[in-house]
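Dropping a structure here in C-alpha cells format, bear with me for questions.
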Amino acid sequence: MLLTVKGLSKSFLGARALDAVDFDLAAGEVHALLGENGAGKSTLIKCLTGAYHRDAGEIALDDQPIDPRSTSQAQDLGIGTVYQEVNLLPNLTVAQNLTFGREPTRFGLVDARARTRMAREMIEGYGLDIDVNRDLSSYSVAIQQIVAIARAVSLSGKVLILDEPTASLDAREVEMLFKVVRDLRSRGLGIIFISHFLDQVFAISDRITVLRNGRKIITEKTAELDRVKLIEHMLGHALEHEVEAQMAAHADEQPVRPLAFSFRGIGRQGMIEPFDLDIHEGEVVGLAGLLGSGRTESAELLYGVRVALTGEARDANGPINIRNPRAAIAAGFGFAPEDRKTDGIVADLTIRENIVLALQASKGWMRPIPRAEQNRLADDYIRRLDIRTTGREKMIGELSGGNQQKVILARWLAMNPRFLILDEPTRGIDVGAHAEILRLIRELNAQGMSLLVISSELEELVAASDRIIVVRDRRHVAELTGADMTADTIVRAIAAPGTAKEATA
Amino acid sequence: MMVPTLKRIAPQLSTLVALIILITFIFPSFLNLSMVDGRLVGPLVDVAKRSAPVALLAIGMTLVIATKGIDLSVGAIIAICGASAAWAVSAGYGLGPALVIALSAGIACGLWNGVLVSMVGIQPFVATLILMTAGRGIAQLITEGRILTFTDPSFGWIGSGTLFGLPVPVWLWLATGVLMALLLRRTALGMLIEAVGINRRASALSGVNARVLLIAVYAASGFCAALAGLVVTADIRGADANNAGLWLELDAILAVVIGGNSLLGGRFSIAASVIGALIIQTINAGILLGGFPPEYNLVIKAALVVVILVLQSPNLVTHFAFLRGALPTRRPSEQVQQTGKPKP
Amino acid sequence: MRNPRLLPLFATIAIFLLALLICFIQFPNMFSTRVLGNLLTDNAYLGIVAVGMTVVILSGGIDLSVGSVIAFSGVFIAVVLRDTGLHPMIVFAMLLAITTLFGAAMGGLIHALAMPAFIVTLAGMFLARGAAYMLSIDSVPIQHEFYGLLQSYIALPGRGRLTLIGFLMILVFIAGILIVHKTRFGTAVYAFGGGEATARLMGIRKGRVTVMIYAFSGLMAGLSGIVFSIYTGSGYSLATVGTELTAIAAVVIGGTLLTGGAGYMFGTFIGVLTMGLIQVYIVFDGTLSSWWTKIVIGLLVLAFILLQKALVRLARREETLLPA
C-alpha cells in the first residue's frame, strides 16, 4: 500500500471529529472518500496534509511512518492537495503559479524565459494548450484546477488529494479533469477523490470509503457497490425495518388545508432550475437531497438571500415581492440557516439579544422592546426550548451547537412567523437536542405554522414531514406523499440511476 | 443598567484616576480649582476643555469602529466644517445659519463615506481615505487658502465661552455623549449596530437593515466631526484649512481603543471612549506640567497604541482583563478562514 | 483585453498623456528640459517613498509611518552632522539601518499581533514623528560641504538640470521594477496581496515576508528622507506631514489596487509624474490655487478606486455565470 492510515482519531474541544478511522490507498488507484457534512472527510484530509495534528493513530507512506506538521512538510513527503478553490493565486500568471517558490534565477533575478520553459514542461502531458504567461484568472476554473494539479503533482508526486475539485465545473470540464486524473492514475499516483457528485464518484473511482459521524462505515470496491447501498451508508439508514412503520404513520390522510404560499418558477441560473412549490397552512414540507444538490439554494431563493431571477411568489392576498430577507420577514417568513456560525448566531451578543434580534429589527430601531419584555421573552424561550445556559446574559458563542440552534429557533418563534425554513436544523447537535428540536417542529406545526425542513437525516425528515421534495443535480426531481414517503423511496429518488450517464456524458 | 456600565468603564476610569493621582503627587497644584468671575478654573477644567475635539470625534468613531469600520476622514471634515462656519459667519449670515451650514456639511461628508462603504462596498479604510485626501483641499477652497478669521463673539463663545461655570466645549462633549448614548441605548440602535459589527450576514438574515445602519453610523461620525470643527474653529477664532484637526483622527481612534472597544467591531461603550479622550489629554497635561517638551506626547501615544494592540491581539490568549473591560476576546479560530469550503 | 489587470495601468498612462496634452495646448512653453528636470527633482523624495509604498500596498498592507520617517531622517542627518564630525555617507548608512530596522519591527508586530497594518504603522507614525521632535523642534540647516556635491546636477540642453536626486529617483524606480517583477520576493509580495491564506498554502513564510516588506518600505522612507534633506538642505521635524497620503495617492493613481495583489511599479512612476504635472500646471496657470491639487488628486483616487471596484465586480460576475 502506498498510504496506510490506522486508528486515526482527532477531537475538537471534546467533540470527536474522527474516531479510530482506518484508510488505505494503493499506487495507481483512485479512492473516493464520501460522507455528508460533518462526517469527518475534511478532518481526515487535514490530518494527512499536516494542517491538523492527529490525537492518535498512525500514518504510513510507503510503509514508513510519517508525521506531517504542516502542508509544506506533507508536500515534501509526497502528499499534494488540490481544493475546490483557493489553490493558486488568480493574480499571478500560470507560470508564476507553477514555479512559485522555486523560480529559476539568474544573477539573483528571476529568469523569465527559463520560468516559461519550466512551466511549459510542468503542464506537458495534461492536454492544456495555454499561454503560461497570462494571468491564471483569465482561464476557466477547470483549467485552473488542472494547473493546480500539475503543480501539486510536480511538488509531491506520490499522493494527490482532490478535495471537491469538480464542484464548480460543467460536464465537459469534468470530463477534461477526469482524463487528467486517469492519466495520473496510470502513471502510478495514488489519488484520494472527494466529491458529493455520486455519478462522478462512480465514473472515476476504484474504491470507495464512506465516513459518517467521524467513523469509517465501509471501504468497498466501486464495482461491487450500487448507488442505493452507497447512499444508505452515507445517510446511515437501513431500508429493512422502515417501511411498515411509516405506512402506519401516514395512513390517515390529513384534511385538505388552505394554501398559504405558492411559488411559481422560482429559479436562478447556476443555483437551481426553476421550480414550483406550494406551501399549505400548518404543513411541513421536507426537502431531501445530497449536499450540493440545490437544497440550500432552494431555501435561499425562497427567503431572498439571493434574488430569484425567475418566477413569482404569492400568498393569499396576492403576489409578494421577496427581494431581500427583510421583505421575506415582512411576508411572514423565517429562516434558520445551515451554517449556524457564519449565518446564524451573532457570537458576541447575549442569548437574550440573539433571541430578540429579528423581532427588534422588524419593529424598527425607534421602538425598542422594553428590557422587561426582552427578559420575559428570553426566559420564556430558554424554559420552553430547554436551552441549557447559566442565564440569558450569556454570550451565545459560548453555548454548544444544539443550544445555539435552539436560540436561533427562539429568534424566529418570537416573531411568530407563518412560514419557517429550517436548513439542517439538527446538524452537529447531540442526540438529546435532536429529539427536542423534532418535537418542537411538530409543536409549531400543530399551531398552524408552515415549515420547510431541509435535512440529510432521512428518518427524521420522513417522521416530521407531510410531504417530501427530492432535489438532485440542482433540480426538484420528485415529490413524495403519503405511503410513498419513506426513506427507501427517497434514497431511490436521489440515486435515480438514469441520471448517471447524463451527468458524465 | 448602571451597574454593568460602571463595570464596563471601570478600567478606563481607574486609569484616569490613577493618572490624575500620579500627576497630583508630583504637582499638587493639578487639583486646584477656583471660581473666577463665575467660572471654574484650574488644570482639570482645562483638561476637560481641551479634550473636547477628540472626545467629540471619539463618540462618532466609536460607532464606526463598532461596525468593524474606521473613519480616517474626520480630521478633514473638521477642516471643512470649520471653514464653512467661519465663512458663513464672516459673510454675515449670523450664528444660526452658520451652525446649520457647518453641521449639514459634516453630515453630508459622513453620508458620502457611508454610501461608499455601504452601497458601493469599498472597505471603510479606503473609502474614507478619499475624503481624507481631498477634504483639506475642499476646506482650502472655502477659505480661499487663507486663515479665515472672524470676530463674531457669539461664535467665539462656542470655543471659549462659559456656561454655568464650565467652559462651553465641556458642555458640548458632555451633552453629545449623553444624548448619543441615550439615543443608542434607549432605542434599539445600539444593539443593532453591535449585531451588524459582529456578524453582518447573520444580522441581515435576521432582517436588520445593515445598509442603512452603516450609512447612519458614518453620518453620525460626520456630525460629531462637525461639532469638533466648530469647537476648534471657535476656539482660535479662525479657520485654518491646513492645520485644523490635523492628526485628530488618529487621536480619536486611539481614544476609542483606549476605551476598550475592539477594532474588530462589536460591543462598544461611548462613555469609555470619552474617558479614553480624557486620558489622552491628561497625559498631555502631565507632560506639559512636567516641563517635558510636548514632543514626548507622540512617543507616549505610540507606546500606548502598541500596548493596546498587544492586549487586543487575537494571537495572544490574554489573561489580563485590563483595558478590555468585560469584552469577550475574539477567538483566533474565527479569523482562520476555512479553505476549500463549498459555497455557491 | 488580453489582461484586464493592465487596464488600470493603461488608464494611468492615458490620464498622464491627456494631462500632457492639456498642458501642451495651453502652455506650449511648459515643455522645456527645465520643467522636465524640475519635475524629477521636485518629486524625487515622493517617488522614492512611493516605491516602498507600492510594495506594501501590492502585498495588501499599508504604511502610514513614511511621512514621519522622512521628517525623522532629515532631522537625524542634520543633527548628527551638526554635532559630530562624521562624514555624511556614514550618517546615511546609520540612518538607513535605523529606518530599515524600524520598518522591520513594524512588520514583525503586524505579523506577531495579527493586527491591521494601518494601526501598527500608525503607532510607527507617532513614534517617528516624536523621535524627530525630540532630536530638534527647530529647522536645522545642513552645512556640510559634501552636500554641495550632492546638490550638483548635469546641465541639459535648454537650461534644464538633471539633479543627482532626480537621477536617483529614476534609479530607485528601476530597482523597484526589478524587485517587484524579477525576484522571488516580488512574486511573494503579489502572492500576499492575491490571498494570504493561499500564499501560505503555497509555502510562503508569512512572518519573514511581512518583515521584509515593511523593512523595504522603511529603507525607502529613509532614502527618501536623505533625498529630502538634500533637496531642502535642512532637517525639520514638521516637514512632510501627510506625505504618506500623497504617496498612497500616487500608488493608487498609478493603477495599483489599494487592496493589493495587482499593479505595476511603472504605474506608480507615472502616478508620481501625473501628480507633479498637476502641480506644475497650477503654477503655470497662476490663477488657480494650490488647493485644487488636493481636490483633483482626491477625485483621481476616487476614480481609480471605482474603476478597480468595477473590474473586480466584472470578474466576479463572470465567475458566477459559470454553470456550477
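The chains carry the letters A, B and C, assigned in the order they are written, with residues numbered from 1 in each.
In this section, a residue touches a chain if its C-beta (ideal position, glycine included) is under 8 Å from a C-beta of that chain, and two chains touch if they have at least 3 such contacts.
It should be emphasised that the depicted structure is a prediction, and the values quoted were computed from it without experimental measurement.
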Sort the other chains by how far their Cα centres are from that of chain C and give me the top one. A
Pair joined by the larger number of C-beta contacts - B-C, A-C: B-C
Dist(centroid_CA(chain A), centroid_CA(chain C)) in Å evaluates to 46
Per the centroid of Cα atoms for each chain, what is the distance between chain B and chain C, given in Å? 30
On chain B, where are the residues touching two or more other chains? 339, 344
Expected list for chain A, residues touching two or more other chains, is 86, 167, 270-271
Residues of chain C touching at least two other chains: 197-198, 201, 324
Which chain A residues qualify as touching chain B in the complex? 42, 83-86, 163-164, 167, 196, 270-271, 291-292, 296-297, 303, 305, 324-326, 329, 335, 337, 342-349, 353, 357-358, 360-369, 395, 397, 411
List of chain B residues in touch with chain C within their complex: 70, 120-123, 125-127, 129-141, 144-145, 241, 246, 250, 253, 257, 263, 293-303, 305-306, 309-310, 312-316, 332, 335, 337, 339, 344
So, in the complex, the side of chain A touching chain C is made of residues 71-72, 75, 86-92, 96, 100-101, 103, 105, 108-110, 112, 134-135, 137-138, 140-141, 167-168, 170, 269-271, 474
Per the touch rule above, chain C residues touching chain B in the complex are 62, 109, 112-116, 118-120, 122-127, 129-131, 133-134, 137, 197-198, 201, 237, 241, 245, 248-249, 258-259, 289-295, 297-299, 301-302, 305-306, 309, 324
Give the list of chain B residues in touch with chain A in this complex. 186-189, 191-192, 194-195, 198-199, 201-209, 266-267, 328, 330-331, 334, 339-342, 344
